[in-house]
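In the two complexes that follow, chain A is the common piece, with chain B as its partner first and chain C second.
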Partner chain A sequence: MRDWENMNSHQPATSALLEFDSPTRKYAKPAIYAALIALFALLPAVLSSVYMLHILILIFIYVIATVSLRAITISGQFPLAHAAFMGIGAYLSGMASKWLGWSPWLTMPCAALVTSGIGMLLGFPFARLRALYYAMGTLFFGIGVLQIIYALGRLTGGYSGLVGIKPLFFGSKLPYYYLFLGLTIGSIIALYRFEFSRIGTNLKAISQSHLVAASVGINEAWYRILSVGVGCFFVGLAGAGYAHYNVVLSTSSFNFMATLWLVMYVLIGGIGHFAGPIIGTFILILIPEYFRDLKMYSPFISAAILGIVVYLMPEGLVGLPKIIRSWFTQHLKDKRAVHAS
Partner chain B sequence: MLLEIDGLTRNFGGLVAVHRFDMRIDEGEIVGLIGPNGAGKTTIFNLITGVLRANKGNIKFAGKDITGRKPHEIAKLGIARTFQLNPLFGDFTVLENVSASFHLRPRSSLMDIYFNTATYRRNEASIMKQSLDILKLVGLDTMKDELSKNLAHGHQKMLGIGRALAVQPKLLLLDEPLGGMNPDEIDFTITAIKKTQQQGVTILLVEHNMRIMDFCERVIVINFGEKIAEGLPDEVRENKEVIRAYLGGEKVA
Partner chain C sequence: MEQVAATITNVLILSSIYILLALGFAFLFNMLGILNLAHGSIYMVGGYIGLALIRGLGFNPWVALLLTTLIFGAFGVFLEKFCFRPFVGDFNRTVMICVVIIIILQTAVNIIAGTQVYSLPPFVEGVFRMGPVSVSYERIVTFSIGAVLLGVIIWFVNMTKWGHQMQAISQDIEAAALQGINVNRISALACAMGSGLAAIAGCLIGAYLNLGPFMGDFMLVKILIVVILAGVGSISGIFFTGFALGALDAVLPMLLKGAVSEAIAFLTVVFILLIRPQGLFGHEA
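== the complex of A and B ==
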C-alpha cells in the first residue's frame, strides 16, 4: 500500500520528530501569513513589467473565484456553472455602469448581491439534486446563461462582447493591484470563517451523509442553498471586479471551459484543504505564463500537471509537504532500524 | 401517549411494505419491534422519521401530527434515530461526529456563529462538554480523536447511538443497535441503552438479539408489514403466529 493512503490517520510518535514544538508553532502561522501579505504588498516595487502585474491581478480575481467555489463544494455539491456565475456578476456590473451610468464602486457590490440571489433562487430546485445530477443541472444552467447573453445582444453586446464598461481607475494598474489584493485577502478571511465555523461543519456533515445530517436536525436544503448563496456572492464580486478591470467582456471568459479551469485549479491545488484552491490557482496560472513562448501548449502543460498531481499527490499540491514529511520520517525510521540491527 | 401511529401504509410499487400498522408508545417505555427480514421494520422507522412518506395513515408525536414532515423537522421535535447500516460522518473524528450532531440544542444563530460572539463560544463550550459526557456513556472517550471511519464496527455502532443522543431526544429509535457486536460490546451497549432510558428517554428498537428483547417492556411483532402480535417478551415468544412467521411452521420450536 502506498504511504499516503494512510496519511489521514493520526500517527504521532515518529512524525512528531519533524513538527515544530508548540510555542513556536503557535506564532509560526500568523507570522507566515503576515510575511506573505507583506510580500505581496511589496511585490510591485520589485516587479519590472506591467505584464506581471496584470497576471497577478488576474490570479487574485481567480483566487476569489476558486475559494468561493470551495464554499459550495464542501457541502458535497459540485456545480459546473461557477464561471457562468462569475459572468453574471461581470455582465451585471458592466451593464449597470455602462447603461445606467452608475459608479463601478456601487455596481460591484450590487452585482455580487444579485448574483448571490440568483444562485440562491436556483438553489431551491437544485437542492433536490445530488452528485452527478446536480453537476449536470448546473452545467446546463451555465450554458443557458451564455444563451441569454447572446439573446440580449443589444444590452450585452452578444457575440461581439460588451465594451465601454467604466474602469475603476484610470492609467496605472497599481491601484487595481492593491484593490484586488485587499479584496482577495478579505474574501479569503470571510470564507475561511465560513468554513471553519459551525456553518462549515454542517455543510461538511451534509456532504458526508445527508441522511445522518437530517436525522440530527440539519436542514439540508437550506444549508445547501446558503452555501451556494455565499459562493455566488464572492464569485459575483470576482466577476464584477474583472469587468471593471478588463473593461471589455466576452462570453468566452465565462463558458463551460472557464468553469472547467476553475475546477482544475481546485482539483490540482487539493480539494480537501482550504488552501488548495489558492495554491492551485497560483501554480496553474503562473506555470503556463512562465512558458509563455509555448502558450499554445498551455492546456497540455496544465493537463500534464493534473495527471502528475492526481497520480502522485491524491490530496493535491497541498498534500506535497505531507508526502515529503512522511517519506522523510520513513527514511529516518529505516536508518534507525539499520543502526539497531 | 408519546407516539401514536394509526393505519400506517406504505407501498413500494406493487409491494406493500407496511400495511395498516398501528402502534402506541407511552413516555418512558422501551419497546421492541421484531420480525423476519423484509417485514417492514426499517420502513416503519423511515416513515416515523420522515425519510419516507406514508401513503396512508398518520403519525402523532406528543400530540402533534407529524405525518409528512421532513426529517430535520422531526428531529427538531425530539425524535432521534440510528441507522441499520450506520452511516457516520466518516471524515470527522469521533468527537466531531457527536459535537456536529448538537445542531438543535443549544442552537446559535447564523450571525452568532459567523461573528464568533460570546453566545456562540459559550454554546460551543457547553457542546464540547456534553459531547465528552456522551462519549463516556458510549465508551468512546478514549478514542475521541480517531477518525470515525477508522473505528471497529462495534465502536462505530456505539458512535451511532452517541450521535443520536446529541439530539437530546424524547424518543430514540435504534435500528439493530447490537448488530455485528461482540459479547463484551453487547453488554456495554445494553448498559448504555438502559442508562439512557433511566434518564427519561423513550426507546423503540429493532433487534434480533433476544437479550435486549428480554428487558423490553413490550414487544411488537410484524410480518409482511402487518402487526401479528404484541405483548410481553415471554408471551410473544409463545405466540403461535410468531413462531410460524419465524420458522415457517408450528411443529418446530
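== the complex of A and C ==
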C-alpha cells in the first residue's frame, strides 16, 4: 500500500527509511486524527459567530466533493463535470422534497444513489475517452446539464433558481454543523478505504499505464466506471446536503467555474496524496474568507495563494514539509561543510 | 429577406470570431501542449482596453484597435515567458496558472468597470442598402476584418519562415530545437499572436454586441468546442468546426428556446466526441 502511495506522488521510496515501527509511530497517527475530530467537535463551543459556523459547514460540503473528485482522478482521468454532478444531486434532492413532498432525510440518499447511477451510465460511453478528450467531453456534458436545468424552468426554477426546498433542521445551524461533520468524516473514511482497497490499487495501476494494466487482466472500462460511480455518489450526497442546507439553489454554484474551483482545491493540495484535497479546500476557502473585509479585492488573495503554490510547491501543499525538510538538510550540510573546511 | 440577410451576416461574424479565437488557442496548444484557459479572459480584457482607449483617451477607433493589438501582443510575450515557459510539460500547473490569470483579469475588470454593460462605438456608421436588403456597414467591416486576418494567418503559417518553424515545433518540439529553431522565441511569437487576435476579437465583439466581465467564460467554452471538435493538431479543421458552430449558434436560437438550443448543442458535441474520440479532423487517439 505504501509503495503505491509513493509511486503516485512520483517521489523515491526514501521515506520508507523513516517509517520505523516504534510504538510512538504506531499510535501517533490515530491520536492525531482523534485530536482533529475532537477539535472540530468542540469548535462550535469556541466560535462565537454564526457566520464562521456557516463557512465551516460549506467547507465540509466542499471537502466531501473534492475527496470524491479524487476517487475519480486516481484512475488518471480528470473529469470537469464534478460541480455539475453536485448540481444533479442538489437539484434532484431539492425537487423531490419540494414537488413530491418527501422528507429530506429520504431524498438525500436517494439523490446520491441516482447521481451515482447517472454517473455510471455515462461512464460506459465516456470510458472510450482518455486524458484531454475525457476532460473536455465531461466539461461539455457539465455545461449541457446546466442548460437542461435552464430548459426545464418550470420544474427547476430555471434562471431565477429553485426556492422552497425543505430544510433539514429549523432554527440553529448547530445540528447542520454536526451532521455535516459526521458526513464528512464518514465520506473521508469510506473514500480512504476505497482508495487503498484492491479497486483503488487497480485504478492507480490504470493511471500509470492502461496498456500494462490491461495486460495483467485489469478491466479498464469497468474499473473506471466504478470509480465514477463511487465519486458521483459522494458528490451527489454533498450536493443534496448543500440543497437542504442552503434551501435556495442557483445554477451559478454548479457552473464551469465551480468545477474549475473544485479542481483547484484538489490541485493546490496536491494530487499525490490522499490528504491533498482536504488541505487544499481548507486553505483555499479559509484564507480568502479571513480577508473578506477587502470585499471586491478578495479574489486576489485566492490568486496569490494559487500563484505561490504554482511557483514554489510543485507537489502542492502536501509537498511543503518535504521542501522544508530538504531545505533544512541542505542548510545543515552547508554548515557542516563550512566547519569541516 | 431582411431576416435572411441578418442571419447570414450573423453566421459570418460569429464564425469568423470563433475561428480567430480558436486559432490563437490552438497555436499555443499544438506547440507547447498548454491548455490556455485564460484565452477567454484575454479576449474580454481586450474589449475593455479597446473601450478605455476610445472612450477614456479619445483615440480614433482604428488607432485604438491597432494599439490594443500591440498591447496584447506584448502581454502575450510576458505570459509566455513568466507564466507558461516554466511549466511546459506539467499540465496541472499550467491549468492552475491559467486560473490565476483568469481570476486576476476578471477581478480587475470587475473592480474598474463594474458589472455595468458597455459597448464600443461602431467603427463605421451607416447602412448598406441593395434592393430590399440592408446591412449596417459595421457588420460588413467586422466580418471583413475577421476574413482579412484569417487570410493573413493562413499566409503566415504556410508561407513564412516563422510559420514553418511553428509547424515544425507542433510536430516535434525536440526535433525542431535540434534543427536550430529557437523554440522559446517562436512560442513567444505564437502566444503574442494568440493574445493579439483575442484582443481584436474582443474589440470586434464589443462593437457588435456588448461587453461584460464574464463574457470570457462563455467564449472559452466555445473556443474549446471548436478546438476539440476539430481535433488536436488540426489547424484546417478549425475553419470547418468554427464555421459550423457559428452557423449553429446563429440559427438554432431562432428555431428553439435559448436554453433548449444550448442544451441540444452541448449534448450533440458530447455525442460527436463519443463517436470520434480524436475529434473530427484529428488523427491521433
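What we mean here is this: the second predicted complex is superposed on the first by the 319 of 341 C-alpha atoms of A that agree within 3 Å, B and C clash if a C-alpha of one lies under 4 Å from a C-alpha of the other, contacts with A are read in each partner's own complex, and residues count from 1 in each chain.
What we mean here is this: contacts are C-beta pairs under 8 Å (C-beta built on N, C-alpha and C of every residue); 3 or more make two chains touch, one makes a residue touch a chain.
Keep in mind that this is a model prediction, so the values were computed, not measured.
Residue contacts after overlaying the shared chain place A:K204 against chain B, while chain C stays out of touching range. When the two complexes are overlaid on their common chain A, residue A:I148 makes contact with chain C while staying clear of chain B. Once the two complexes are laid over each other on the shared chain, residue contacts for A:L129 go to chain C alone; chain B is not touched.
In the superposition on chain A, A:L58 contacts neither chain B nor chain C.
Greater residue coverage of chain A by touch, when chain B is weighed against chain C, goes to C. In the superposed model, A:I218 lies in contact with chain B only, and not with chain C.
In the superposed model, A:F194 makes contact with chain B only, not with chain C.
In the superposition on chain A, no residue of chain A contacts both chain B and chain C. Partner chain B is touched in their complex by these residues of chain A: 8-10, 193-194, 197-199, 201-202, 204-205, 208-209, 211-212, 214-220, 226. Note for the complex: chain C touches chain A at residues 35, 37, 86-87, 90, 92-93, 95-97, 99-100, 103-104, 106-107, 110-111, 217, 220-221, 224-225, 228, 232, 257-260, 262-263, 266-267, 269-270, 273-274, 277-279, 285.
Residue ranges on chain B touching chain A, taken from their complex, read 49, 51, 70-72, 75-76, 80-81, 83, 87-92, 96, 100-104, 108, 110, 113-114, 116, 120, 124, 145-147, 150, 163-164, 166-167.
If you check the complex, the residues on chain A that touch chain C are 125-126, 128-130, 132-133, 136-137, 139-141, 143-144, 147-148, 150-151, 153, 158, 255-257, 260, 263-264, 267-268, 271, 296-297, 299-300, 302-303, 306-307, 309-311, 314.
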